[in-house]
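Some structures to go through are shown next.
Two complexes come next, and they have one chain in common, subunit A, joined by subunit B in the first and subunit C in the second.
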Partner chain A sequence: MTNPGRRLDARLHLLDRQILDVDGRMVASVDDVEIQRRADGTFAVTALLVGPGVLGPRMGGVTGRTMTAVWERLAHKDRTEPGRIDMSEVADIGSAITLSVRRERLSVAGFETWVRERVIEKIPGAFHEPQE
Partner chain B sequence: MKKLFAVALGILTAIGGFVDIGDLVTNAQVGSRFGMSLAWVVVVGVLGICVFAEMSGRVAAVSGRATFDLIRERLGPRLGLANLLASMTVTLLTFVAEIGGIALALALATSVYEFLWVPFTALAVWLVLWRAKFSLMENVFGLLGLALVVFAVALWQLGPDWGDLWHQAGTVAKPGSEDWSTYAYYGVALFGAAMTPYEVFFFSSGGVEEHWSSRSIATMRSNVFIGFPLGGLLSLSIAGCAAVTLLPAGISVDTLGQVGLPVALALGKIGLAIALLGFFAATFGAACETGLSLGYSIAQYFGWQWGKYVRPREASRFHVVILISTVLAVAVLLTTIDPVLVTEFSVVFSAVALPLTYFPILVVANDPDYMGEHTNGRLANFLGSVYLVVVLVASIAALPLMIWTKMGQ
Partner chain C sequence: MNPRSEYGGRPDASSPRLSSLIGLPVRFANGQHAGYVNDVRFAPSDRVRGSLSELVTHGLVVGRHRRGTMLGYDRRREQGPLLVRVVVRAIQRDTGYVPWTSVRDVGPGDGVVQLSVDALDELEDV
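== the complex of A and B ==
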């Protein structure tokens, strides 16, 4: 992180915040965070977690369970892990969280890729800039 | 000079883009039944949309975050999701009404059955959302929407007793044949039509689409504080035309054609043609705005890439939501439901959903962490708080009034 001296409230500054990649493209919202205990006994946020697989459990209740179930059913069979973005890839935390990598390098875009390949790219014009 | 042109263009498109099918139908209905006695609601509604559009626009300019993004952050994922479902339902209803409105306008112009037009209008809307540039879409339909100025011209040509209109607008009174409950019902509907939630979703997301920064705030404010009130004047002149011609004749407004009737009386065929162009532009522009708003709100909740500033393949889920919404809208309309009835429902449910949108905006506009020196001042907070109360009252009263008055019968 670029700003080691700044105190951050994980709930206020991280959770539900928009994540942008290095080019300013939108990646996901922070659905949960991964917290690990360090050797000295303190806790540190080590990763941002994204996707319905973590949002469901966090929400809880019928809504949360439904969301988790849908995710488990639809996500790739080999993917039991939720989307994870390591904190080492976070460049800045402002009104959005900016990463230091391009979003193509992250493995968090399963649904987007599926929709892109199966639906959107089949429609003429998908590759074009919007026209004047 | 170029900057002045940009400001003027922004104001003109704000005027032309202000009116949608909800405003057209509700204002004409109210004018034909209550004269100008509910004009004060339009004034209150327009000031309200100015206050909150300015706030959401300022948040978008300073933080680069659009409204729904913030709704989830401030309300949390659970309440945010409930809000998302409610807002999207209302916006989808409005989207259906707008597409139906385009079909009605085309049916009036061509005498071709309106439901035959539905698939083609929906396809045209979708094509614009798929291919056209954001600024092109906004400018073309905003400027064409200025054709609705014909209602102001018609009102002037009709040569009404201005003193009487002022008197109707200035006193809390109603025509003797109407109940106070229907008066209140139409008041709430008019308020819902003026403050429709999609307007702020669209306005703030549009700010992000057009890469606003803190320096854009002055331009944004001139659009809101000059453009919207002038757009509100168009709403009032639609009501005024109906009040002068339809009310004395005892004609109530059930179709889009009746909305344009006073213009035909005052200005003949040419006037009617211009009014139809205005109907078409206003509904088409609003259909684009509501269609985009559906994509904006869900994408902002989940953090998906959205926007027309990227290629469609870069924002696949956003475009798939728009595509599905368009298909749904066609399906609903092809049940041959009356688009005017859909419009009446959409403005009432807009009124119900108002606090869901406006409360989080007020909260975030007060957050110095986001807004820095552009945090809400006292005036914005005072007006925002007063309006929150008004909006809450309208929201609570809307459904009981709808049931009690049997939708204003």
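== the complex of A and C ==
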């Protein structure tokens, strides 16, 4: 549970944390954090960013560029459209980040969702009932 | 109120990201190299965003190594095991903290964080 006065180190306490919706269901992992400069010169955390289009540039190198390029081609998006969860939808920051909304309300597709929809479900037989 | 409008427009790819600050070189006021941004420490402000206080920059964790985070061993004195903690702290002995009030300029474009002081503070636990 969040201590209201607690300080957070963003890389340690936010990046790569799991995001759960209000029902405790997995949404995604935090791939980057959006910050915006305030009038007093400080930066405020304004959103959590998710998805391969965000993770790729953060990773950098050949792996990161390849991930971003594949995602842009398959998802028909570019990196200017990151999966974005506004901080106003965050209810708690602990060992996981809990949202105050259901995941269906979010316009983000986490990497797992993306892989399921874009890769796994394209494989013939993906919808077969599991065998006993 | 749309929270996006508070900062003058909808964020997009040009909005700064945490990853654009991590790893930036840091310079003391006297021009000497202080290290690299290892992490950004945020603290709750008086402003509320949704159900939580808005998190704003409190300072920077600065270390000699560009990718110097050590799973929190360098931030928590009580985190064990002892042997790992001792080794990590020895490696990270030059890691320090600079409060945001001592940050004169942050230029992701220039690729340098300029400080107004000539020394780092001791890194406190979170």
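The rule is short, and it goes like this: the second predicted complex is superposed on the first by the 100 of 132 C-alpha atoms of A that agree within 3 Å, B and C clash if a C-alpha of one lies under 4 Å from a C-alpha of the other, contacts with A are read in each partner's own complex, and residues count from 1 in each chain.
The criterion applied here is as follows: a residue touches a chain if its C-beta (ideal position, glycine included) is under 8 Å from a C-beta of that chain, and two chains touch if they have at least 3 such contacts.
What you are looking at is a predicted structure, and each value in this text was computed from that prediction instead of being measured.
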Contacts of A:V115 with subunit B and subunit C, given as first, second, both or neither: first
First, second, both or neither for A:A44, with subunit B first and subunit C second: second
Touching partner for A:I19 - first (subunit B), second (subunit C), both, neither: first
First (subunit B), second (subunit C), both or neither touched by A:S107: neither
First (subunit B), second (subunit C), both or neither touched by A:R58: both
Subunit B versus subunit C as contact partner of A:T66, first or second or both or neither: neither
First, second, both or neither for A:S29, with subunit B first and subunit C second: first
Partner chain(s) touched by A:S95 [first = subunit B, second = subunit C, both, neither]: first
Doubly contacted subunit A residues - partners subunit C and subunit B: 15, 58
Subunit C residues touching subunit A - in the complex, by the definition given at the top: 3-4, 7, 11-13, 15-19, 21-22, 38-45, 49-58, 61, 69, 72, 75, 100, 106, 126
Of all residues in subunit A, those that touch subunit C in their complex: 2, 4-15, 32-38, 41-47, 49, 54, 57-58, 79-80, 82, 84, 86-93, 100
Complex contacts: residues of subunit A adjacent to subunit B: 15-19, 25-31, 50, 55, 58-59, 61, 63, 94-96, 111-112, 115-116, 119-121, 123, 125-132
Subunit A-touching residues of subunit B, taken from the complex the two chains share: 63-65, 69, 72-73, 76-78, 80-81, 130-134, 136, 299-306, 308-314, 316-317, 319-320, 323, 370
